[in-house]
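Below is the structure I would like to discuss, written out as structure tokens.
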């Protein structure tokens, strides 16, 4: 592994940005490893949670935002619940994900695609339409048959609506999307 | 000689010797940076603080007054802060009736070990007083000095 | 029984893939004299995908619903879905705490939310507002062979600062509720381990592995059925049980029921009324053994009678 | 009036952020100030000489030193001033270090603040009146609270120094936590073997009066003259008759009492003697488990007691002792496992605390020193030790390090290997804290010679799987999750203040920190003193502490008591309330509010009733002063006029 | 006639006491004045009418020996408060209670007649008829009663040894501090300006203090002393305000709301307003009303370890 030149490679601005957006202070973390120990997803992460925290502490923006870990976190809150330093780690992961999405670092395309599909369904119908999400996801991700095996198991059980429930206020929900985009533009 | 006009406001603190004065010392020893406005008058116990001292300070030029004693049950003289609590609460409710913003007067409890808490009390109270601005008209000040 | 009334937010899943959860919630609460009012024109809470976009945005889509509830003049909204619950609570708490955040959220909402609504889970109101006694009084049937592993999932009571309900490490609300309706509960160590959450579609293998651990721990604990509070957990554990078996080479065949379905069963509703037939893993075998609750009471009394003389004797010996 | 002002640089501590020369210049302009100067270290000998010379040369009659906190050096400078013949209360101190130079970042503002602090002190000094202390006799007896190793050491040192000692121990035997330990680090010598002789000395020393199974009910008085009420809790056994033969225990039918001494590792009888070496070795009944008390019938122990010592009617008894000083050595507590729900919260029998394991290791413990796990009494082969179980955990309100766990875990791991050679021990740790003499060598030995596996990382969860306990942790050095299938898990539970520490502190009028540990007068220079004169601290009641430190403090506290008792009289503080008989209107409000009962009614010759302060009883709080409507009762050195002078100095500008 | 009953009561008590304090006619028909009598022949000088406004209890703490005193309901709270504060020995006081539904404010009458000379005063039913040069003027008593009478709950004194006349019940509504609450609706600046204006008029005559039954320090008052030196003699509004704060705070939890201070103020400063505000707060905080129960302790001279009503303040 290449040595990291901390003089050059510590992104202080990034540390401040995450601190500001998450309202969490990385200096409180003493690297006990409890988050890594309890996280159900450590096995799937490229950097276990405590190392994500360490990367945050040392301002390694590129490494963090390119990591798969931030996309594979399910916000199960185990880390936050058990952190002895009362750091809301799940919230930090959330913020890192938001920054990654904003700055187009997406290491786990499938996860993002699924989220996008979900949001788009919500935007169009006001409520989410499960079949639509799945179809949208399959189409965009290229996993055309994902979960197709589950179809027969639920068909005919009255669980699947082939048409979305559209609420009256769906334009109002879409309006939230629009206003948010506007707000974001103004923020920048 | 006065506080540095424009930079500081006049804040008077009455601190009990055993807890809060010690807490302020602890904050100092820990180098907890604080705003400089506060001037501290040491008293043996918050129970020694006659509410009239607070009134006197506010009427005569203070922009804020802070009284700090030991936490309830932790008074060096066992009951002093219990009396202080009642009397200062009465005063705090009375001040706005006279047209004095009650936020200009704060009473609280800080123990000798709570340096960080003291820093927060001073910082927050000073900030609050600055938000309220000077209590006395500028002309009055120049007239007296 | 005093009539209680709640604003009830079903959420998108409970309209579709988890319709049986909705059915059982309505049945059980109706039996307990609780009237549910569904807010008009509610929309999606935003769930996990929304907070991967932005917190203001996430709070806004959740708060839109809270604002609707607020406008109805209510101060509480209940929901069965932990994701909705969590979205509501997070939005509400942060808006209440940070004035600036509240302003930002309200700026993109059609109707502002003024932080006057507390969200609670169906489980919470059953425990706190209704209580074990009325819950137990409605029981008519007993399931002697049923032994459940109560599985709470990750977010219904975590993080504790936000969810403000039950113990985050060893929650007991559902355990106690099951005991109240006469169902045997096993000490389940994986009550709050994550099943894989919303990754079912995008990361199926990962979810299958995590869910498989939950199932296997439940079997180890001696359970023959899992009881859940979350439709996503249900999906991962029930609907995907076949996938799990394929991925892991296992042969699980363990029914997974919503806690409201178990309550409904003890109240005498048929499996169809509670939508149990809509599950992937069928529970018929377990349900066959049900019998009137009086039989169990009689049995217990007899047992106690048989025990008494013995206990007395032992006491005499000791002294 | 001629006030002299002495401004201390305190090296760079003050001069670094305060322009002392400018301060001196401003001080010279203040009304009444005849002289002002700065000095590098005013508290040094030449610094004090400078003050003395200036007093004589400049004919000063008031002295103000602007330096550190008066809590630090007021006494020093008062003495300096007094040596020139000036009354010591003509001295005032301005705190320009802790309250100024150390906390302000702007030099201009700091300088200005220092000037104002001095102005305040000058105005106060100008109002000061000479005060003269009275002398009073000391009662040269000492109360020691707590019979653990620190308290016993203090009691023995005091007694050997010729003082009468009253030793009050809450539990039925002296010995404290140390009596429960098996071996002690880093020497691995037997704990009770080194403690036992001390316990015997305590019981046999003619100068020590031991009240076991007793608690402090009430403390009144002041240094030199305390009145202590001690509650002797009912043991239901007449200890003057009890021989400690144990016949009662053997026959007791109630076998499921909680064993406090063994921390519940095994059940005890309702009548019991905590351990074989107990001092005093007397039986007592735990009423909440005793059938006689629960069911109203049994009487087995009474029947079998050969000396007729059992007395079910016994009541708590209050005794009074007068002493002149108090040493507090009330020890520490440990958090309950229910504070650690992720580790099972006490639901799993094979997850135990370090002190419980200590009892299991101990030859006189419930397993006679055979290591077995509580669930099935099997010998464990894989043992996991979890350090910082609750310590350094802000989320449960314990941010501090418990001080000695790293060391005892290493010891327990070593002992485990000695007991079960084919066992494997794992230690989860965050940092190994072993700074004492021979300590680090000891933890190295555990790893090098005994093959203990140290894993750097915290444990997130412990749960049962079959007969094993799964310990799920992280190895942060590897950057992975790790799991261990353990037979037994030992948690190094966090050290806390005792549950009644705060109540006792309130009785003693001493301060405690947010965690309930008692606060010493100065963290470095007055480590066993408290802010209440005559009350001293020893052992872990002041903070988590190991045996050598506790013993050291016990001796230090004893030395302090011997030192104040080396004189026959003490000077009373003249900073007390005084009544101006001309003003007092006899409204009696001060009498009702005085917490010490220090004010009484007095009838003057003209028949007027006025208040009168009993000098020796007044503690100087000034509540009476702020209660008195006409200002007749004034707390000396903090009179209305003195405080008003300060307020005016600040406000009337 | 009621006055005969009163005289009868005084005659009966006179031999047991050193002095009796009552009322007699003052310098004009509108003024009653306190009267100290110790001889039976003086009894006929006594009067009783709604103009007998002074709280005669104020003298008691300063008198030696046994004292008889004529006491209205409102005045009787002073007796109770003295008992709480142990300022009197109750056995030494003979309280002659008089039932009273309303007294009359001289100031208000004078205002109603445009400060003209009063030639004669009579009472008819619920009216006072004042004869002035232009002729008699009838004024409803309620219109010229002091503020305190409107919410008086003590038509019969709380304490008395003899009651002249029959005990009667109050027919007034409870005091809900409406005026205080109304004042609190003003902005801070308005309130400050109000008091600056009011206090500025103060001439520091100390009439308010001298009339106050609870101002027991009197000539030892710290408003006039140099040791302690709380106020200077400078005639600025700060010093005047300081005096009123001393007066107000010394009465915290002791003020019996007799409003004598305001009655006697020659500058018409509403000095009772501050005391009323404090009384309202202390009633809310500690459920305490001064002068109602002899067994109470004034709230500023006691405490509870846990104060249910006092919350810690955030900055």
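Order as written gives the chain letters A, B, C, D and E; numbering starts at 1 within each chain.
Everything below uses one rule, namely that a residue touches a chain if its C-beta (ideal position, glycine included) is under 8 Å from a C-beta of that chain, and two chains touch if they have at least 3 such contacts.
Everything numeric in this text was worked out from a predicted model, so none of it was measured.
Considering every other chain in turn, the ones in contact with both chain A and chain E prove to be D. Path length between chain B and chain E in the touching-chain graph (shortest route): 1. In this assembly, E is the chain whose CA centroid lies farthest from the centroid of chain A. The chain pair with the larger count of C-beta pairs in contact, out of D-E and A-D, is A-D. Of all chains, E has its CA centroid at the greatest distance from the CA centroid of chain D. Centre-to-centre spacing of chain C and chain E amounts to 67 Å, using the average Cα coordinate of each chain.
In terms of their C-alpha centroids, the spacing between chain B and chain D amounts to 30 Å.
Mean C-alpha position of chain C lies 49 Å from that of chain D.
In chain C, the residues touching two or more other chains are 168-169. Listed for chain D are residues 342, 593, 627, 640, 644, each touching two or more other chains. Across the assembly, chain B contributes 56, 60, 73, 79, 83, 87 as residues in contact with two or more other chains.
Here the chains touching each other pair up as A-C, A-D, B-D, B-E, C-D, D-E. The residues of chain E lying in touch with chain D in their complex are 64, 85-87, 216-218, 220-222, 225, 227-230, 250, 297, 300-302. In the complex of the two chains, the chain A residues touching chain C come out as 21, 40-41, 43-44, 72, 74-78, 80-81, 88, 90, 94-95, 97-98, 101, 108, 110-116, 118-119, 122, 126-130, 133-134, 137, 141, 146-147, 149-150, 153-154, 157-161, 165, 167-170, 172-173, 175-177, 179-180, 183-184.
Listed in rising order, the residues of chain A touching chain D in the complex are 30-39, 42-43, 47-48, 50-51, 78, 82-86.
Residue ranges on chain D touching chain C, taken from their complex, read 253, 291, 298, 300, 341-342, 345, 347, 463-466.
Chain B makes touch with chain D in their complex at residues 1-4, 7-8, 10, 12, 17-19, 21-22, 24-25, 27-29, 31-36, 39-45, 47-50, 53, 56-57, 60-62, 70, 73-80, 83, 87, 111-114, 119, 141, 144-145.
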